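Two complexes are shown next, each including chain A; its partner changes from chain B in the first to chain C in the second.
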Partner chain A sequence: MLDTASETTLLSVRGLSVVADGPDGPRQILEGIGFDLKPRQILSVIGESGSGKTVLARTLASWIAAPLRVTAGQVLFKGRDLLADRAYARGLAGREIAYVGGNPAGALDPTMTVGAQLVEKLRAVRPDISASDAKAKAIRLLQAVRIPAAERRFHEYPFQYSGGMMQRAMIVDALISDPALLIADNITQPLDVTVAAQILKLMRELNSEFSTAILFICSSLPVACDASDEVMVLNKGRVVERQTPDRLTAAPQHAYTSALIAELPTLWQEGPQRRRPAATEKPIMSVRGVSKAYETRGKSGKALVQAVRHVDFDVFAGDNFGIVGESGCGKSSLMRLLTGLERPDGGQILFQGEDVGAASARRLRELRREFQLVLQDPYGSLPPQSPIGAILEEPLKIHRIGNRAERRDRARAVMSEVGLHPGLYESLPTGLSAGQRQRLNVARAMILEPSLLIMDETLSALDQTEQGKLLDLFERLQAQHGFTYIFISHDLTMVRQVCSRIAVMYLGEAVEVAPNDRLFFDPGHPYTRALLSAAPTLELRRYRPEDCLLEGEPPSPIDLPPGCAFASRCPQAFDRCRSQNPALLSRGGQALAACFLNPTNEATHV
Partner chain B sequence: MSSMDITSAPPEIARERKVSTRIWQQAFASVEFRIGLIVLTLLIAAALLYPQLSGIDPTKMNIKAKLTPPVFMGEGWTWAHPLGTDQLGRDMLVRALVGLRYSLLIGVSTTVLMLLVGALIGLFAGYFGGRIDTVLMRLTDAQLSIPMIILAITILGVSRPTIPSIILVLGLAGWPVYARVMRSTVMAERKKEYVRGAMVLGATDWRIMFTLLLPLVLPPMAFVAVLDIARMMIFESVLGFLGLGVQPPTPTFGNIISDGRKYLMNAWWIATMPGVFLVLVLTSINLMGASLERARNAIYGGA
Partner chain C sequence: MFILRFLARRLFQGAIIVFLVSALIFTLLRVVPGDPVRLMAGGMAPEALIEQIATDMGLRDPIWQQFGRYMGGVMQGDLGQSFVRPANGAAVGGASFDDTTRSERAEVLTLIAETAPMTLQLALLAMVFALIIAVPIGVWGGLRPGGWPDRMALYLSSLFVSLPNFWLGIVLALILSVKLQLMPAIGYQGFAYTILPALVLAIEIAPFVIRTLTVSVAGVMRQNFIDIAGVRGLTRNQIVFRHALKNSSVPLLNLLGVQFSMLLGGVLVIEFIFDYPGLGLLTINAVMQRDFPLIQGIAIVTAAAFVLINIAVDLIATAIDPRLEY
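After this line comes the complex of A and B, so read on.
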């Protein structure tokens, strides 16, 4: 009877419960999980952080340790219970059941070439295979996941790979033993949207080519729906719903799923839109032809990384300005220039008419009272071991404002303004959640009453609900204090919600600067279209990834090709794009784009 | 944790107290800390007060009472000399306690000196990097390449060994290790986002170095330095033993051990007593240091 069952189901989970032992007794993490997975099937598991997704993935991969403990249930793999037979389960792990995590950089051994690691893995699993066969197989798989020049890349070290390539290498590492089941735990999380879209497409192809069943763990509903045949929704350790993506989004059965869907911000549909402030005519910050290059030491001596190239835009007072782009596009370098942490090689950054890039150190310190930065990492951006009150008073002390009592009152006032209980004044930030930490960061930035706040990926570490709350907070603070915001982000849906004007960056250039609606409904640059096509959304897409983006990754910013930087990935590129670089020119109605396809665009600069 | 109510009051009222107060309170709550504190206080009080109060001169000889064993430890012991006497009939308790004064003075001030010098040099080298780093670190390497004992013999052999010169020599020989550790810690911390955050707020380099980084990286080093107090006290004994320490008849641990060496077979207590006091002092300091560190880690939660 077991044999017949194993032909139709590969993996069958029955009543699985896992607890975490803690000082207050065991805490239930998973409760009565049950599902079946057929060969070749892709099943997504989604849920917010803390729902037990990763614990589920690791339980199936026989990779749980104290304080986690399985209290009940069965995990039948081809009819045999993995939980009852630990030795059998260990034998399967890495062979029949492969696991890929979301941190490829941490999973690869930095001291070995990628190829050597793959061969080592394969030969550990299959001792009978010869070294040359193993190498051939590794290269074939590297080609299958579209690593360019796989034979050369085989001999390279992980640090020579980009994030997307490392993730592909990890997939190869998992697939090399021909597993029957692949557990993909948040594999697209750290990747850029265009790269993540390619990985998802790749995963589907591999699924049909190698007939591997995939359990796809993910925290984003749109990504899960894109990736899989069926979606299983997990909430607080229980399965609340299991459906095909279409049925799930069209007719969710459970209130939790409906709430999850309703909460998703939309790109094109009219949802509950936020108020976008109307742009005034007075620029508060003007960026004029700003460039920055960094020197690095490569194999052939010194090389220049062109991080920011001739960026131009104006930010108007009271406005929400967005800067979007993928990793490596120069957003962070631009942020360092805008905040005066570094000085540009060329061009001007005018803040209220004064050049930040040329200001003296003393003048820059004075100017900093007027523009502040809120950093990305909620954990690394707060000084460790400082109590919350001291963190908030630090800016006041730096600028010698007020006496001890006044600073204390001001800190408490700001705390309640951002929604932190003033009773936390003497507490350390250790106990705060990521969202609370970002509130603290915002409080620290606004205690000096600046006029411009630069948000560097401030919300990217937070989940959807928390993002929404913070956006409400930003809106309220803007109404009260008249702040101008610059949002630097990779998240199109967030920018769509709050920004009135948006600059899109690609390889150090602003390729398009346009008002919000214009950018999303009538983008003037092929790269913008590619970004839009790859954005995770449940909506009917206006652009399909296949039409917008060629295979491959951005060229290296060290040796940029002549002409348009996007030409190598642009489906519409023609000869002129490869020799001349289009300038950022007006398309009318405040929209600017740098593409030869736009009719008014004639001028060029190199 | 996102479901947590942001504006909810903190669970414990205790949080309203200052962090440093909480650390001391938590450390004080541990038995080890109290034992260490009591033993150390008693020892220091005895070292400071007993020689004066008892009126016994540590250098006064009494040949008739020479080599008296400690109480209960052999024939002829007397309550007049609880720890016995040495080969010249000098009272061992007074001598050991006076020796402890010198040892503590030299051990603690040497450690503080080398910690401060090392931390400052490491802080500058690690924070500014580049040329400043190169110069300071080559200086450190140069210092590190000279063995401590040879340096001490050279300097103290030429000049007269006084207490300040001994402190200076030992401190000079010890700082490079701290400079190294400090430099690498500061280099790692400097790259973190909160340092960039402080720069954006307008903090000067000086402020970042001394109000942000130093309080953060100095305490863990200070806990290590506690162990070095022991090392330095032992080094002082070694110098004394070599005749390069504080000169006899002043009783330092080194001098006492050096004297007692010849009588090790029939009067073991002379050479042993300094060791007993060293063990007591160092154990109590370590007990306190360890519970303080534990309290710090518990309160900062590893941050």
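After this line comes the complex of A and C, so read on.
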């Protein structure tokens, strides 16, 4: 009887409830969770932040500690209860039940090579395997997850791996003991879309090859649907629905699921759209052939990292300009140049006709009144010891604006404008949520009444709902104050909603600059197509991953190949691409792209 | 290759540091009051003789000339001769200026070479004692932040740090040597004489080691890779001994480097109390006798030792944590 049960279900969760003990008594995190998982099945668990997904993952991995506490329920693994038998659960950890988390960067000891740690882990859970066998297996699996030059990489340290490679190494770490169950907790979240798409593809392949059941926890519905056989929706600690992806999107049964689907921004279809401002023809900021290289010490002495290379674009007044690209493409270096935090090595950055890169320190400070920056990290960007009012008044003090009372009034006015309660004036930012913190950051930036706001991944730390609220706020502020925004982001769906013109960056270059619709419906660069093919969406894709998806990762910006920087990953590259770098040329109608595949007859150099 | 370039760069920087230290010490010594020739020749010597000796020794030349001459010697490994000490060991200070028994003056390098190994021995033993005392307490405290081992580590370090070393030296000498007769205290006639001063020094250093270790072990234990190691299937012992300790050893190593350099620079009070014939005692005597060449020599040797120890510390730290680029 038991045998047949374990044949059909690997994991069976029954009435699982978890609470978090706090000063106000226990708070319910999970309530009566019940589901079964069969061998070789992939089950996605989705829900917004705070729905209890991660607590569920950790409970199953026997990794919960105070203040979390299981109050009821059973977790049956092959018929035995993990919660009742702690020793049994400990014996399974890392061997039969493997866990991969969403933060590959800190998941391994930085002072030991990746290979040594893979071997250490395998031998910790399977002491009968010899060191040389373990090494052979680790290298074989590193090859299986397509880590280039696996034998050499085996001897490298975690910091020598990129984020995507590290996540693959962690998957190897989980699979090396041939577990029956893999718990994947938000594994694609920190990765770039093209790399995340590779990881998902890889996970499906591994699932069929190694017959591991996978519990795939994730906060994005499109990703969850892409990845799994069935999707389970979690809302406020309860399972509200479980269906196959097709049925779930076609006929959601629970109101929460319907709301989740309706809220999803779309790339190509008419979805909830936002007003995109009409671009004027008056440039407020012009970037002309800007370059920046940083010196680093590489393996063989000094080396130049070419972070930004000959970037050219105009931002028009009243516009929403988007800069997209994956990590390491030079977005943030460009941001530092645009805001005058650093000076370019070559080229000009004209703000209302004045060169920011050549301005004196004093003039730059005056200019900064006109363009302000809002950063990505809601926690690191605010001084924890200053009251909110003081944080807001500081820019006014620096620029010697108003007296004490006027500054105070101004700060309160701005607070109510961004939706922070003026009663918070005296409090410290410690108690604020991520969304409130970003509102405070926006308030601090706009208190000087600038004309240009540069948003560097301002919304990426926030969940879908909070993002939507802040975008509404940006829209309202733009209508009231006539701001121009530059959004620097890796999130194509966000950019699609709000930006009128978009620049796509790859390895320090702007490979395409085009109006919104043109970029999404008629992209002029294969890299843009690859980004679009990898973007998480439920829609029928205009660009199929099979045709456009990239293998591998970008080359290092230290030794750039001659010719087009994208040639090494481009599915359509030909000989000319490897010897000559295409210039950013007009394709008509304000669209520019740097690719030899575009017809050259109408092209004119800009 | 990497390591050679690193060594070349750091040794070059070190040479500059040693040069600057010498220049500073040299200048300062020349501007402080007190004429060394008067001390050498004795209070009864006539003024003209003092002037003559001073001129013969080049002490009336401009400072930069004296310094140039001195550094020229240093380059060739010649730290000069002591103003005061004769080569045969008898003291000259205060002797009559026309004393014919006065012999050749002692080489500074020889004086340092005789005493430095004694201080090195004392410093090494003190470090060993300090680590034996501090590592278990510090690691245990770091593994249970906020718990009683952590509080005990804090109380113990507060206690250790507030014991004045001269008092502790005397008390320990009284208890361990005089009452219990376990070990000798004063002077030096064998290795046993090092134990007591080393113990006093170890108790002085231990609080810093304990504090550094509790903080760094607690910090490492909060990191993601430690947290996740249990889920990956590693045992508690593997996590603590193979990963946590290795990662928290870099801050400790830096601290030990600084502490060791300070010990080598001469533990003045302790060597004085125990009459331990090391660099510290030599320094005290040199200062009291206005023995400029000796003071300079000790300063240069100490600065060089400091530079070398720091290079070694950085090399070991990179071997432990390869992220620390040279």
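Please note the rule applied: the second predicted complex is superposed on the first by the 599 of 606 C-alpha atoms of A that agree within 3 Å, B and C clash if a C-alpha of one lies under 4 Å from a C-alpha of the other, contacts with A are read in each partner's own complex, and residues count from 1 in each chain.
The definition used in the following text is that a contact is a pair of C-beta atoms (placed from the backbone, for glycine too) under 8 Å apart; a residue touches a chain by one contact, two chains touch by 3 or more.
On a predicted model such as this, the values are computed, not experimentally measured, just so you know.
Superposition model on chain A: chain B and chain C are shown accommodated side by side without a clash. When the shared chain is aligned, chain C comes close enough to touch A:A124, but chain B does not.
Touch counts on chain A: comparing chain C and chain B, the chain ahead is B. Once chain A of one complex is fitted onto chain A of the other, the partner contacts of A:D463 are limited to chain B, with no touch recorded for chain C.
Of the two partner chains, chain B is the only one that A:G419 touches; chain C does not reach it. Look at A:D229: by the touch rule set out above, it reaches neither chain B nor chain C. Using CA centres, the angle subtended at chain A by chain B and chain C is 30 degrees, rounded to a multiple of 10.
When the shared chain is aligned, chain C comes close enough to touch A:A61, but chain B does not.
Of the two partner chains placed by superposition, only chain B is touched by A:R439; chain C is not. When the two structures are aligned on the shared chain, A:E370 is found in touch with neither chain B nor chain C.
Of the two partner chains placed around the shared chain by superposition, chain B is the only one that A:P383 touches, whereas chain C remains out of contact. Smallest inter-chain Cα distance, chain B versus chain C, after superposition on the shared chain: 5 Å. Interface of chain A with chain C (complex): residues 61-63, 93-95, 98-99, 101, 103, 106-112, 120-121, 124-125, 157, 159, 173-174, 177, 297, 301. Listing the residues of chain C that touch chain A in their complex gives 5, 223-225, 228-235, 238, 242-243, 246-247, 320-323, 325.
Listed in rising order, the residues of chain B touching chain A in the complex are 1-2, 4, 6-10, 15-19, 192-194, 196-204, 207, 212, 215-216, 299-301, 303. Only residues 48-50, 339-341, 364-366, 368-369, 372-373, 375-377, 380-385, 387, 394-395, 398-399, 419-421, 423-431, 433-436, 439, 441, 444, 448, 462-463, 465-466, 469 of chain A touch chain B when the two sit together in their complex.
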